[in-house]
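Read through the structures below before going on.
Shared between the two complexes below is chain A, which pairs with chain B and chain C, respectively.
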Partner chain A sequence: MAILNLQEALAVKIKDGLKTRVLRSPWTYRLLRGAVRHSHFPLETSRQMALYALQQTERAYTGVAPVVWTSAFFPTEIPHALGLTVFSPEVAAALLASLGLAEECLDTAERFWYDRDLCSFHRCVLGATLKGYFPSPTALLATGHICDSAPKTFEAVGRLTGARTFFLDVPRERTPEAEAYIAAQLRDIARELAAVCRLTWHPERLVHAVEASERFRNAAVAANLARVGDVPWRGSDMLNFVYLLFVGQGDPQAAAVYTDLAREAARQPAREKTRKPRLLWLHLKPYFDPSLLNYLEEERGAAIVFEEMNYVYWPSLAGVSPWRGLARKTLAHHAYHTTTERAAVLVSLARCYRADGVVMFAHQGCRATTGALHLLGRLVQQEGLPFLALQGDCIDRRDYAPEQLRTRLDAFLEMLEDRTVV
Partner chain B sequence: MVFAGIDIGSLSAEAVLLREGNILAYAIMPTGANSRTAAEKVLDAALTKAAVAGEDIIAIVATGYGRVSVPFATRQVTEISCHARGVAHLFPDARTVIDIGGQDSKVIRMAPGGKVLDFAMNDKCAAGTGRFLEVMARALEVDLETLAGLALKARKAAAISSMCTVFAESEVVSLIARGTSREEIAHGLCNAVAERTANLVHRVGLAPPVVMTGGVAKNAGVVRAIENKLGERLLLPPEPQITGALGAALLAQSAVNKR
Partner chain C sequence: MIPSFYDGSSGVPAPRKRAGYFCTYTPVEILAAAGFAPLRLEPPQAAGDELPPYLAANLCSFARACLTGGVRGVWGKLDLIVVAGSCTAMVHLYSAWRATLPSPPVYFLDVPRRSGEEAATFFAAQLRRLASVLGLPSGSAGEVLLREAVERYVRQRILLRELCGPLSCAGAVYRRAVLRAAERAPAELPTAPPNECYPPAPAGPAIFLTGCVVPDDIVSLVEECGLRVAMDDSCAGSRPLQVGDEAAPSGEEDLFFNLARRYLNRAPCPRMTLESRLAYLRSIIKSIPCAGMIYFALKFCDFAMHDFPQVRAVFEEAGLPAIFLQGEYGDAATGQMRTRVEAFAELLHRGWRS
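Coming up: the complex of A and B.
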């Protein structure tokens, strides 16, 4: 089969008026699985991830098991322990943007007073919910400790869908008391979630989910370590693995995909030696337009040597109770506590991956990103690392000025090249 | 050996011809709808002024938003690097460049020799740029030069709260209707541009001496407002509009000299 443009095929399928009927049809997934098997992927593991994503999407739309929506950074080990289908609406918003379908969702949300100041991931989620594009949730699991608009968005989705919404409250301090507080909440959420889904909670299944999560973590650490050896992968491709981080922790299948990624990384030859700048990339990317990162990595030949989103920020879950381990992991995110801590992590990543500079794709509407921007930039610069804040939007193309962003990227690369020459 | 720099901006195109580090000639003209045509025309105009044939040019560097539309350029370099280089040539001690052009404004902090250390650009809209001032001058029914003169005569400034060009225009119309003097409005507009520019300056850190370039550097009202806002005197090139093209020509020269 000739290489099929998967994104175009799916976009046409959804746009052709059948909309969610297409997504509920097993034939759609059979067709797409065939296409995935025969399409070109930059990494073999990307293909496996695409197949895993298709399987999860099929499960979500065909009602194999109750569907729970989880916000980014909610511990998905809990729904996986219950055998539920985990659906990340933020990842789905990114997919809609890449298919060119986000704008109609954004327009719909804006008609319902979800203003353009709100993060476009969440506006898109609300619009897609209003349009009935997403699979019906039985429950919603939200945390706002990294992404502060998620709880409000999930509350609104709960109203729209009638699904029970669970909120995780994460304290600022990283103390034993904070861990105990989170662990108790997670235990309550798990019990109530099981009741809402008419399932029985089996504690041993959480042990298995946490074991899978630990395998996932170990594989992610191994893949990241292999990349220190300068694996010639594109950062824009590696950013797609965020999908697994958001939905797969606690699922043995996702752990297997990450294990294969680590193996594939270990097999790669080192990147060709070049004088082109090496970059540490922060946050995400404009999903509606791959050309910006293609330009950076292909035309300009710059290398994104690591992405902050793929950093394994949490400690091993081994040796502690599952609840305590999940609580510790939730508290561990380096971007949650102080900007100083985050900057220190970024500087160490930049040193580890020998980055010449740091670029943050500063997503409009993300308070966590833009609020810390100035201090983060200054702290990174103080360590001798040039820092570029590339202000844009991951989902909403309506304020997008590609030439403006390219000029900023070009100027930053010229600045780095000038430093390298000297 | 002649080197050329061409700066294709959103509103105007500039070309500078250089021989042994000295400006032979330059030309400035509106960009119009076609960047490539503008590049050809502005280079031709500079060649005519210098009485030099095109074949005598050893290398051309194109800069500005239209830099990718200059197929005959030897190389494309961003306006950030070119402005820094042009300013370093004119003012070797300069450490900060403020460039306000037709649709963008930028601040560059630089090391001796024009090495860029950091930069910041306006984002998302053209507020506080040449286009903003053009629209406001039209609302006041004056030309840009008169707008600057009015601002300098004012004893106080009207408050212009919106930086959105469309909303600010309606604010100006309302102020006129309320009988606010044109001088106060012009001063308020210059202050609004200065406010936004000062914010950009502080993003990269103010380091004197500060040089202002770009078409808006010819507006004495804005220059004074920025000086007041920063508490720092601005140095102005003899022709602020050609600094980017000059930097481009210098980069063309350095690239050849390095070979």
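Coming up: the complex of A and C.
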């Protein structure tokens, strides 16, 4: 029995060793770039984004520049101003889930006392860190807004890896004091991050990063505006652009990718009028199983006309100091304040994109987006928009019940179709 | 079971208005200075079993119980509610409360999750705004009222720390009752009766109880299993007493800044940075002799669930065994929980006797 366990343990070690070695080999990226260039992508910009992601991943694993991990919604203009490689472990967790590697990470985290009620993105990040799958961070940049779990995860990763953790505390209310508080923290973080990475902080490079971020924003606004004219893109594909939103703001290359997306959107023919009903999609999707959204968009012929995650919630950064602009941007997220405010934004998006209904993929561990789900649903319904909450998990497939989700989707679509006929 | 030295109002005139608050990061001194009677709103545990309107089942059951308590009107007439934005659950509670209950007015108080000068400056600005909204006079008149309230609470907390601290011979359930009585009567200073007047703590091994909101049932259960709660490091226990009263304002320091700094530097709950939490625990376990640690996390409290693995490591470094308990606010002390605590108590008893 003991021999068998040793063999099993060895097998796991070898497998793990191979995985991390593959990720660190330049040949892997050469091979993958070739594959990306010759594969079919629903959008040409998706191909460019995949190439950009490969380049960033290669930089992260091969140690071209110091790697900083950033949590979702952290202003990445700061690490980009320092020329650092930005790595989003939450996006990487989604990738692990899509590759079928998340479960072993979740299992590892749970064996280290991370409770199963915690967000599976973060459990997966902790498990992957414990298993050594992710590139070693020089520093960790976490923001406390939207998500209570991310800063805590980053602090734990900091203790595991020895990397310095920087925590951005974001107040809830948009006041001049809140802006000043965030701006002061960002200034301190930038200065100390430069010191940790043994770099010199050049203020003019932040100006350039903010300019790139502004180009990114303008392109995102233009792409979203083009989609009002019914661009026939699948919501499940558009949700992948969350990657750029999380890591690319402040990077001229990412801004260029988004600018191409806006151009590609402008060239698209209009969606066929027969595709109904039209849905506004909230939160993310189950990354381990694409069939749910395929079923919705292909088999049932429904159209996800817009995704909440792609909404440009922040104001222009032009005309204010970079620190003040970044502080305003950080404070601007519509889902960080009251449920009433979030509902108002969703209703305006639904009207703008002429959605027939609103569907939320209610990620089990996300207290921020699902905690007041029933209130959100009621506020949206009061405005005449049917609302469906699909309870599920983006990363953890262990309690996944696809047939039940499809049944609920079917019932919702049937109800929407009846309304449309009337 | 309220201690007799708090019975009766002792002729203290009842304040005109009552301001309820949930989170102990709410500086009660400001409410009191503005003429409100601060009332900490701890919902009855039974309220935790219900699913109130608008809040999801996968949200902290304490926040849900708070809303249920409000809907049921368990706190009587309140003139104001202050909701501190301590965590996502409390922010949802704020939204749901406003949507459910038309009165009283609800004030949202932003509370930083870190300490330091910048955080204290920001929090001080929030406190000034709160004071202004509550009608505390500006200038020296307001300052006199606030200083008087601050001094009163400093005196009270220092005495309560002696009465309810780790060296107290009283049981933890009783100590909690003393704390609650004190919250209701801040104008009266408790006098320390001899230790033998208290219902004594169990004679078994001492434990360090920590977590987020630890319900009374869990404290009772731990004591019923023969364990002495040396430190009740919970929002419902002695954590709110550790507000750095030794650093109370002196000389020309701004009162609001001083309050802000002391509240942000108080014994941290799991919402604050891990660094501050672990530093606090490391410093305190040296001074409190205990045989083990019990960690209680409310289900779906992200802060507590992330906190436990790190806190456990600190106690294990100190050679102290730890157990993790998780439950709902309304139904925490289940039979299964009792079995687990009994097993842990057995383990500690064995080590304690040897």
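The criterion applied here is as follows: the second predicted complex is superposed on the first by the 404 of 422 C-alpha atoms of A that agree within 3 Å, B and C clash if a C-alpha of one lies under 4 Å from a C-alpha of the other, contacts with A are read in each partner's own complex, and residues count from 1 in each chain.
Here is the rule we use: contacts are C-beta pairs under 8 Å (C-beta built on N, C-alpha and C of every residue); 3 or more make two chains touch, one makes a residue touch a chain.
Remember, it's a predicted structure, so these values are computed and weren't measured experimentally.
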Would you sort A:63 into first (chain B), second (chain C), both or neither based on which partner it touches? neither
Once chain A of both complexes is superposed, is A:171 in touch with chain B (first), chain C (second), both, or neither? second
Go through the superposed model and pick first if A:374 touches only chain B, second if only chain C, both, or neither. both
Quick one: name whichever of chain B and chain C touches more residues of chain A. C
Would you check which partner chain A:34 touches, where first means chain B only, second means chain C only, and both and neither mean what they say? neither
Touched partner set for A:229, first chain B, second chain C, both or neither: neither
In the superposed arrangement, which partner chain does A:408 touch: chain B (first), chain C (second), both, or neither? first
Kindly list the residues of chain A that each of chain B and chain C touches, one partner per complex. 374
Chain A residues within the chain C interface of the complex: 112-115, 117-119, 144, 148-149, 151-153, 155-156, 159, 167, 169, 171-173, 175, 177-178, 180-181, 184-185, 188, 338-340, 364-365, 367-368, 370-375, 378-379
Please name which positions on chain C make contact with chain A in the complex. 53-56, 58-60, 85, 87-89, 91-92, 94-96, 98-99, 108, 110, 112-114, 118-119, 121-122, 125-126, 271, 273-275, 297, 299-300, 302-303, 305-310, 312, 324, 326
Quick one: in the complex, what on chain A touches chain B? 374, 381, 386, 391, 399, 401, 403-404, 407-408, 410-411, 414-415, 418-419, 422
Chain A-facing residues of chain B, complex: 65, 77-81, 104, 115-119, 121, 123-124, 203
